[in-house]
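Two complexes come next, and they have one chain in common, chain A, joined by chain B in the first and chain C in the second.
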Partner chain A sequence: MATNVQNKVNAKSREAFKKKNRKNWLVILGFMAPALLFYGVYVVYAIGMTFYYSLFDWNGIDSNMVFIGLQNYFEVIRDGVFWQASGNNALLIAASLLTQLPLGLIMALLLFSPIKGMRLFRTVYFMPFLMSTVAIGILFIYIFDANYGLVNQFLGAVGLESLQRGWLGNEDTAIWAVIITICWQFAPFYMILFRAAIVGISEDLYEAADIDGASAWRKFSGITLPLLRPIIITSAILSVIGALKYFDLIYVMTGGGPNNSTELMATYMYDQTFTNFSMGYGSTISSMMFIIAFIVTLGIITVDNKRKADF
Partner chain B sequence: MINKLRQTPLYIVAIALLLFTGLPFFVMINTSFKGQAEFATAPWALPEALSFENYTFLFETNFFQYFGNSLFVTVISVILTIIFSAMASYPLSRMKFKLNRPILLLFMVGMMIPIHTTLIPIFLLTQNMGLYNTLWGLIGPYVAFALPISVVIYTQFMSDLPKELIESAKIDGCGHLQLFWRILFPLLIPATATVAIYNFIHIWNEFIFALVLTNSDDAATLPIGLREFYGEFSINIPGLMAALTLASVPLLLVYFVAQEKIIKGLAAGSVKG
Partner chain C sequence: MNYKFSMAAILPAFLIFAAGCQPANPESPDGEEASSGENSGSGGENSIEVWHIETGAGEEVLQDAAERFEEQEGVAVNLKQYQNDPYKQQISTSMGGNAAPDVFHSWGGGWLENFVDADQVVNITDDVESDRFLEAGLGTVTFDEEIYGVPMGLDLVPVWYNKEIFDEYGLEEPETYDELLDIVDTLNENDVIPFALANQTQWPGAFYLMYLAEREGGEDLFADAFSREGSFDDEAYIEAGEKIQELVDENAFPDGINGSDYDTGQSRQLMYSGDAAMEIMTSGAMLKNVDDEMPEFKENLDYFMFPEIEGGEGAQNHLVGGVSPAFSVSEQSDNKEAAIDFLNFISEQETATNFANESGAVSPVEGAEYEDEYIKRLSETLNEADFVQTYYDQTLPPALAEVHLDTTQALFGGSITPEEAAEEMEQAAEEELE
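Presenting the complex of A and B:
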């Protein structure tokens, strides 16, 4: 008897639910439509089209699109400049992880140390991140300039004239000059990420360590560093993705030169597409960037999940 | 005394980093107040007298047109991003339906991919839509790329709002639209601030799409304009430095006024991503 009533109630509410559901779908769709439209067109559709164009030999101007299957991909695999560019991307990843993150961490830790004039330090440390990349690029062209450059003036002042050179015009030094500039731009960003995470660490832990007479180093290695691990992983992911798609600064400072020594996947893609007018081949390089970024991100997340499971 | 001695290394590191981050700014601003002749003889010395000629020189150029273009594109894009992402996160966080997770995931993936992958199709699409070389042509992609992080921030924030609030509003007979705009949206102000700050900085400085989607001063934003300047006046370094300084002013100004807010906004925006 009781179950009978229950069933009836259930059936009734199910019907009401269905009706409500239909109305709900309209509401859901209405609220999400603008976002889905923009995202759908400019991101989802665009990525699909990149893969589509990568199957053609096409200059992007006339309507003469020749389907060539995967031939562009075979070509890109044999393309020395592409490999040089992706090698530079790999170098940039390593340099980002080894310079930006540690420097950001040191700056964040300094902001919690008992030094005076904290507001000044914090303000100046963060400023580079607010400057536009193009402005940074132009500014550092002059800092590394052969004649007026700050670097060469400094070397001259301390008697190291032999080291003076046009840093960006030299095949061996250009990539390092660019890497230093990128570090200057992004270290502050990691500083604020680390700072936000350090604020979240409980004071009690440090007080307990003080009672035990722990040294500053011990407190850092035993408390701060382990608790910062999640944010370090996040920063590493951001830094790797950032280095994979890097474009602006190189384009402004060196244009990928001299002699491709600072070429990155993104600058090579731009050159092929908008200077050489090989839309198909440019799309292939784009697709490769997408695939590489996808694999690398997936790799980091998998390793991180494994680590979490072990923890 | 001993304590002070022990702090010396700290100060050395702190001041070294201060020079590393601050010196380029100092050089930029310092040079912008020098005459060209003075710069040629003593490029890195302090200026003999503060001269504003480099700044008044900018009025003879297209600098303020670029500046206005940037402001227009950035403000419109940020406003549209706020409206679209806040609306999208309402059903995503407050209504249960089958596609909740997949749609949120679709937006989250957008934060992980190199956005440059969309460059060529967007270039062709913008031409076909007749928006090539217009400011409106930039707004579409900027809003689209800002959506993933913004939707995630809003969805998270809205999920944390108390359930009772919405229940009681529903009992009062509020429709969804009214409920959202009158009651929820004002409560989202902290999330809106984060979304606005995070996207303003990134859109103000965006370069590659502006480079590809515009080809004249009418639609060029500040980063494009600065590069034009560099090509045109590369000999007039003090003038160029004045342009760089002035281009950085809006963000630096906002930063000095709302330092904590910006730092928090950026940290929150990135970690959610």
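Presenting the complex of A and C:
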């Protein structure tokens, strides 16, 4: 009903608006040009070239590019390592959503509780996110070291020698060791997002709840959590996409090994492109990443929009 | 609607952008240096650009040589240093993007051959005096009898050991593999880790495979498989794989070898602390690191060559070794003449000798004089050697080298049987080698 009224108003103003719009067209474009240029060159053009290269058998260094159509795509679909890598990406997505977000939220809530030395905690909590990824990688290589590592020393000290192992060297544990490190690094990022959002919630609501005699849990579940919903959705999207394109810590800590057990799509793409000199095949993996990410993002946004419509 | 579309388009777009369909540099340790490589291309009229990966003393020798060359020839030498692994990415993107330097580092072998096949490397057969070099060095930069580079250092791979530990338990340098196994037993009984190994980067474990396979199948084993007269599923390769897994089963290595990183010192630490007794490692890496990190350890450091297997076809004086670095001239160079002059200049006696003494590698130039005791001895070892096996991973084409490293690492991890490893390797060889 509301849209009907709106449509009438729109129809009247549309023409005038169009005229004005045309006049402003050049000005608008002028303002957009710098960003558009960067976006065009580094994103649109790059994606286009990736798809283009993925149709060739090419090593990336010589001028001899052999057009092979979609053959690279048939190969990637039959490539066990690629699917193992995608599986690891899926695992990382699940772990990111289930640990980084709740952990970030808990830390953000803790920062609002009346504890002494809050400023210190705030800094300490945020520290992992400020460290260079390479430094974190090397730090955790030492922490997970089989002989002198913190983890094994601790297990030894509390009498759990049977659990000691080479965490990064074991095909079953390596992926978990890396995932723990990634979560440790990124939880503070979500903490900051949540904290900012909580600050934005009006005090009045809590006061009203206090007057009604609401418990702390009731206040959290009835006020804080529903109002955090948009930021949770945003964080989830960021987290999923971050997990899909993840590269650095794996590259530093395990290089995708042992025996491809920690390979992610991005590290596998890097290996193929720059170690094995298969630019064409590497581009195919990039394209697959794009397609997967596109579908996932579209999915999240659709679900979110539906939810908004229901709201 | 608009919002939906733009979000759907932008998010994956950023994703792919960041994920690196472009040669965007991931957060690599040398981000700064790498980014300056952009647009650098080759040097101008009176300068040449040289990309290298030397660090510490090796870098100083190179700098010194560059300064002397500049003085003598009036050509400025612009040295650019890269980190080992990011370098491989930088050089291949720069070659593909027509922005290659004049002179570039390589490890010879299959890696360099890739660029040679792509017509990116200058043939310098007529410009170098080939008889000044040791055959073992020049061989790694020679393809179809044509020379494409100049070797500067020759790394040998002995078994390093801690003399103090050997003395304590009355152990002697082994001549047969069985004697080596006895040593492993004795050390295990005394709670000493027999071999330090950090195999995350995969090449340190490959030494075991190369030695065991050579000792089983003899010096022609690899060359035959490589030329397709033989094969990579030869009985000797399966035997070598079995012996690796035997060593793992007998606790010859510390825990978690496939996850510990040589570059962060996780195997050397065990040697320095006396927790481990032996390590198979290149002379360059071992000597340079000990010099930098714990010079006093040299008192206890000694080496022997990998022992013979009874009934096997190999011999103890057959070495595994390789070239690092070799330098080549890019076809894209605007200043090829000066670049070739520079190659000849750095392989002259003075620079070659300096480099060998500082880098822990034997000089591939005939008649270099050594100050370092170990290198002097290693050069004698090399002179007595009947055969030098170059590293598989540098000799094979990169895709096959990757299979070799992956399967070998999996052998150590016990996630593959020796038969499967050999079969996988042979299958890949059939595809990659024609």
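Criterion: the second predicted complex is superposed on the first by the 272 of 311 C-alpha atoms of A that agree within 3 Å, B and C clash if a C-alpha of one lies under 4 Å from a C-alpha of the other, contacts with A are read in each partner's own complex, and residues count from 1 in each chain.
Methods note: a contact is a pair of C-beta atoms (placed from the backbone, for glycine too) under 8 Å apart; a residue touches a chain by one contact, two chains touch by 3 or more.
Everything numeric in this text was worked out from a predicted model, so none of it was measured.
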Simultaneous placement of chain C and chain B on chain A, clash or fit: clash
Partner chain in contact with A:L225 - chain B first, chain C second, else both or neither: neither
First, second, both or neither for A:A94, with chain B first and chain C second: neither
Chain B versus chain C as contact partner of A:N24, first or second or both or neither: first
Which of chain B and chain C A:M131 touches, first, second, both or neither: first
First, second, both or neither for A:I241, with chain B first and chain C second: both
Which of chain B and chain C A:Y142 touches, first, second, both or neither: both
First, second, both or neither for A:R195, with chain B first and chain C second: first
Which of chain B and chain C A:T50 touches, first, second, both or neither: both
Which of chain B and chain C A:A266 touches, first, second, both or neither: both
Intersection of the chain A residues that touch chain B with those that touch chain C: 39, 42-44, 46-47, 49-50, 60, 132-134, 138, 141-142, 148, 241, 244-245, 247-248, 251, 266, 269-270, 274, 279, 283, 286-287, 289-290, 293-294, 297
Partner chain C, residues of chain A touching it in the complex: 39, 42-44, 46-47, 49-50, 59-64, 132-134, 138, 141-142, 144-148, 164-171, 174, 177, 237, 241, 244-245, 247-248, 251, 254-255, 257-260, 265-266, 269-271, 274-279, 283, 286-287, 289-290, 293-294, 297-298, 301-302, 305
Chain A-touching residues of chain B, taken from the complex the two chains share: 7, 10-11, 13-14, 17-18, 20-25, 27-28, 39, 43-44, 83-85, 87-88, 90-92, 95, 97, 103, 106-107, 110, 112-122, 124-125, 140-141, 143-145, 147-148, 151, 176, 180, 201, 204-205, 207-208, 211-212, 222-224, 226-227, 230, 237, 240-241, 244, 247-248, 251-252, 255-256, 259, 263-264, 266-268, 270-271, 273
Interface residues, chain A side, partner chain B - complex: 24-25, 27-28, 31-32, 34-36, 38-39, 41-47, 49-50, 53, 60, 103, 106-107, 110, 113-115, 120-135, 138-143, 148, 150, 153, 184, 187-189, 192-193, 195-196, 231, 234, 238, 241, 244-245, 247-248, 251-252, 266, 269-270, 273-274, 279, 282-283, 286-287, 289-290, 293-294, 297
Chain C residues touching chain A - in the complex, by the definition given at the top: 4, 7-8, 11-22, 26-29, 88-89, 92-93, 95-96, 114-115, 117-120, 199-202, 254-261, 264, 266, 269-270, 275, 398-399, 402, 406, 409-410, 413, 415-416
